[in-house]
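Across the two complexes that follow, chain A remains constant while its partner is chain B and subsequently chain C.
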Partner chain A sequence: MSTATTEPPVIEIDHLTKYYGRREVISDLSLQVARGTIYGFLGRNGMGKTTTIRTFLGLEDATRGSARVFGLDSRTLPPEARARIGYLPEGHHVYGWMTVKECGQFQASYYPAWNQDIFETVLTHFRLTAKMKAGHLSRGQRAGLCLALTLAPEPELLVLDDPALGLDPVARRSLLQSMLYVTRKADRTIFFSSHLLSDVERVADRIAVLDGKVLRADCTVEKFRQQIRHFVLKFRDQPPPTPNFPGLLESFRTDRELALTVVNYTPQMENRLEALQPMSIEPVDLTLEDAFISYVGERGEKTFFTNGKDAR
Partner chain B sequence: MKMMIWKELRENFKWAVLALIGLALAEIYGLYYTDQNNPNNQGITLLNPTFLMATSLGNAVAGLLLGLVQILPEQRRDQWAALLHRPVTRGVIFRGKALAGFLLYLLAAVPPFLFCWWLAATPGHFVAPYVPDLVYAGLSDIFIGATYYFAALVVGLQRGSWFGARTFALLSAVYLSCSVSAVHYFYVVTEGAVILALILFAAAWGAMLSNGKFRDRPWLTRAALLAAVFYGICGVGGLAAILVNAIQQPEPYVGAEYKITQDGQPIIVSNNKDLTTTVTDLAGNPIHDARYTGRLRYGNEIFENQITYLIGDSHGFDPRHVSSDYYNYRLSYWYISEIESYGSMQPIQWFYLEGPRYVTGIDRRSKTVTQIVDRTGFHAPGLPIDPFTGERSHWYDVPCLVQDGNDAYMCDLDKQLYTKLPSADPSPIFGFQLFSYQPTGGKGSDMIIVVARQSGLQLYDSNGALITTIPYDPQINLDRWGKIWFGLNRSATSFYVRYTPSSWLPWEEQQKTPAYLDEVDAKGTVLHSYTLPPLPEPGFPRSWQTYLTKSLYSPAFWFWDLAYKKIGAALGIPSLIGEEHYWYHTNWPEAVDISTRVVIYSLLFAAIGLAWARSAGMAWRRALAWAAFVFAFNLGGLLTFRLVADWPARVPCPKCQKKRPVEEPTCPHCQAGWPTPTRHGLEIFDDNALSPATETARN
Partner chain C sequence: MLAFSLVPTSDVPIYRQIVQHIRRAVAQGKLQLGEQLPPGRTLAEELVINPNTVARAYQELIRDGVLESRSGVGVFVAARVRQVFSQAERDRRLAHAIEQVLYEALLLDFSLPEVRSALEEQWKTHQTQTQAGGRK
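And now, the complex of A and B:
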């Protein structure tokens, strides 16, 4: 899907800052989501992903900054705009006392563009029947029901907050397939947060990474993977101390090897590595998950040696 | 909204049914509960105190819990977010919830009350009559319970501290409950409950419409929240004052009164501030007679009782207004007087019905009406009832006296006798009383019936035979000294008639006017006459609580009240003419004193409010608006401001290190903006990214 478009963005977040009391949870976040994009919103727990989503949906107020959806101020989103947004909050909440059918009827009453076929298709995908009590569903089934309720109004913008949380691989795969079902129309936009990087890698066009309350990355999945490089340097003897240079994310030392992960790789970095005089330098391809973990994980050197100190 | 109502009804129906069962059990228990130690005067059926405890407490708890279970479980972040994201306005969601919740509250509260109403209103269930007025208290409790429901919505929907606006909104409902016992009329309580329910409804609506901020709400809902919290604060203040008064020693009554000794001498008994009692004669000479200073002094005095308020022209004075000051719609004896049977457990229990004005006798076994007494006498139920037309003596009196036009009747319920007191004098009756005495040489006691007519006092024996007629003192102007007190010595050989200023005279004039006392014999001959000079006005102690409370009056309410009385008096509204006279003439110095203190205290608190507002970074205009609010409502306004206003978090400014509000783009001290987040060079942005870093690069 193309991300280059002249259309106004579906979601615009402008210098968003959010405090809870005196604790700053999001700092000066600016982000644009173009129409037709599948956007993965990544970050460790507590980095402000859910708060960001709630804020641009107008469910919470920004402390500073603003957000717009479909060009409308988030704080005053009218019902007509909300009808164009499918929102699946984390937790997959359903009213337990309703049957699956009643859940659909309740939801359908709010959406003029409700598509019963989509609803039933997703239910079938998750092996749900109309008479099942929502409170008796398994976690995966509940997620399926929630997804059906979210997809059936055929939203132009689908916002999913950690939709695969707690699901087994089969349910996750079903969820992804259903999610992609909605994007069969080119102008549909999906914005979703997730900790499951393999899912993100499978479906997302772009990702944004929140780390330490600040947006650290906003790019295509390919770009993200390209910018984070992993090298294994082999030595005859014990490797020398890890050099300190800009862009170094982490290093891992063993008795003959030094593994380095760097970001925003440049030819100057290669010179720095060669200056260590290794026997060989082997570049290793990283998955998105590996890249992400290196990117948002603990910085610095890791080793198998006692207390992380050089054995020499 | 229809689906929202359906969802709320289905979701919370079980709680309403649970509340219904609980209320039904409590109310039925309360209806049938009788205090075995005090079987009489416990209130009639629907006004039984235990029943009222069930309705007042039960409906409040039911309303509160139904509101909380409707909101709080759904307030988990994801559930609430899913609810709010529906493509309808938040107003629709709120109205759906509130309407459904209110219906569920009615479902819980009304059927148990209707069932109890049916029990009380149909014969065969209670040894008690039924009049429609009995339902008022229970109905008002249902209305008040509704305020708890809406208060619960505020508690659930309002963001912020539990001990802030949400708790005080709930306390406003608690305050209304506590005020009920002091309010006289059903309609006043109903009005109060409806108004508070609407205020809380609007406050909850505002909480729903905003994401927590006070200033983002519509002005009406802001005003509602302010009103609810202010009322709650007043309630806490009022309860605190009651508690302080309760733990303090009461101030002694200071004042003087006339008494008559058994020797027939009028004396002045003064209660002093130091708790001592001083006895003097009319000239002010001390009397050192232990009979009149000790605890047994009442046994040595002539017992007097007021018979009339006035004689002749009423000058517009209605004696019923005197007693109506004590009217309370929650007390059954204003509707039904349970006639004392002195524990004899007669087969028939008698009741006087105040509204229809007749006596009904209910058989204790069958619990049905078996006898009626009206102005035609005793008869079986089912016949037309001819209600009493005049006044009556206390129904505890045996026999009771009943007035019918210019005739007086003696009604003995035990003997089932209804006898006209013979009189050749057809002049109007202005009052009557029973007086007990000890017959000379006899055992036990006998009684004398005194009927005050226009022309004099008629004395009858206990059989209704006329003993004598005592004419009024011809030297006394009965129009002005028509409030007559009567007493007799133990052997009923001397009678004492005290002429005091008529009740139609203004209170201040009554206090400054002398009274007259005649001692007369059984033939009506005046044996002694005394002039009783006016006594010093009783002093009412001033406490620091009263002083403080009056200083903390809201200027808005205080000055409006003064203006209201002035306008009302100018328009000729009778009840306000006296009030206006009291504050603008009799008590003008106190009015000025209170006004001055109220303004000074309010200004002080307004200054504190302004300082708080500015230190929190509020703009001058908003800070001044809050200061004006605080000035209008005194300390209560200041506390309301503290609890309701948006208080932004403040953090040290990265540039000047002074605290600045996180919401403002620039520091109020050094005008610096917020720094952009530190970049550590590891960011990954492509050409389509919009980040401060890329923005800078593009620029």
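And now, the complex of A and C:
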């Protein structure tokens, strides 16, 4: 749990906007990550997650706005500050000609605080041995090696860009264990992007959802789940036309039912649903994945196999 | 003792799954009254989940009187399960549980006397088990 409120956030992004040429990829994004938090960064592909990460790490310039890490301007992070950050870029790149051991020695030469025990523990977790050639590793093993290289310097801030991409279930579990292991020390912070919502739910304290260049949610996992509600309305006959009201994410109609997914559920919305005079209104629990898909999926009405026309 | 697996793709949030599991274990006598629970961190490691999630589950169970926290020692199953719920809330919870049984029984085409006798039988078995299970 995050502690002192007086402490500056570990990551602080302030009205960040980014253009590639004329294309806006991030629009006015602000977020803060408190020390000690495991922060899950969600969003569909191409929504600017990697760009956001690269910008606050100082690897790319913002078009407008600013970012700070440890209270320092991202554009001018001194080497001492960088040494406190562990960054695992997307794709698990390794130097293929080196052995696992050589990769470790190479990386260690840059980090005074290198912890060989951690390096070896993570390797064992992923069943890697010193003599293996990095270029011959499987995807999961490569991920393990990269993770070991990133964790061994004991970074205060760990930034993982889609670390679970292409991993099998066993490797994914090892990844989660490693992440939780790192944050046993209360001052360690993890910022990670992922598409695997069940993993996110297991480990994340908070999540941010990036959708269409814009940050749409920044809250605890539980809050996110509570905010997105799903109701099935049953009717004696054909359901009335779908009402349109703010907060309606998705609707789905069948012969006698109308299923609605809404965000920021309020008593007023309940009145709206009642006004349709259904026979019954049944709330349905959503999984985090369902909630996420409703939230960032295509908005609007969906009908079953009818190309948008009324059922039947 | 607390061995269980989570269903992370479930529509039941993880902390609630833990709450439900512990409640059931206490009711079934698998967790003895006064028995100590593993530290939140240990359970979190075992389940590979965020320790705050376990802490949250424990908090809720403490609030509900199922568990109690002894400062500096740990978390225990409450020596005597306190009734912290109002009569109305107890009624609501019982009605909810019975509703589940009712639907299942109707689907499986059981009659009320059959359900009643099945319930009585389980009730008795449970009584004998928890008594034989050694309430120290």
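Simple rule for what comes next: the second predicted complex is superposed on the first by the 306 of 312 C-alpha atoms of A that agree within 3 Å, B and C clash if a C-alpha of one lies under 4 Å from a C-alpha of the other, contacts with A are read in each partner's own complex, and residues count from 1 in each chain.
Heads up, the rule we're going with is that a residue touches a chain if its C-beta (ideal position, glycine included) is under 8 Å from a C-beta of that chain, and two chains touch if they have at least 3 such contacts.
Because the structure is a prediction, the values reported are computed rather than measured.
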item	value
Chain C versus chain B on the shared chain A, clash or fit after superposition	fit
Partner chain in contact with A:Arg225 - chain B first, chain C second, else both or neither	second
C-alpha centroid angle, chain C to chain B via chain A, nearest 10°	160
Which of chain B and chain C A:Ile38 touches, first, second, both or neither	second
Touching partner for A:Gly21 - first (chain B), second (chain C), both, neither	first
Which superposed partner A:Thr266 touches (first chain B, second chain C, both, neither)	neither
Touching partner for A:Gln277 - first (chain B), second (chain C), both, neither	neither
Partner chain(s) touched by A:Ala204 [first = chain B, second = chain C, both, neither]	second
Touched partner set for A:Pro89, first chain B, second chain C, both or neither	first
Partner chain(s) touched by A:Leu176 [first = chain B, second = chain C, both, neither]	second
Chain B and chain C, minimum CA distance [Å, superposed model]	17
Touching residues (chain side chain A, partner chain B) in the complex	3-4, 15, 17, 19, 21-22, 24, 27-28, 30-32, 34, 50, 54, 57-61, 63-64, 75, 79-83, 85, 87, 89-91, 93, 95, 97-98, 105-106, 109-111, 161, 206, 209, 213-220, 223-224, 227-228, 246-247, 249, 263-264, 295
Residues of chain B touching chain A in the complex	2-3, 6-7, 10-11, 76-82, 84-89, 211-213, 216, 649-651, 662-663, 665, 674, 676-677, 681-686, 688-692, 695
Contact set on chain A toward chain C in their complex	1, 38, 173, 176-177, 180, 184, 198-199, 201-205, 221-222, 225, 284-287, 289-290
Touching residues (chain side chain C, partner chain A) in the complex	6, 8-15, 41, 44-45, 48-53, 55
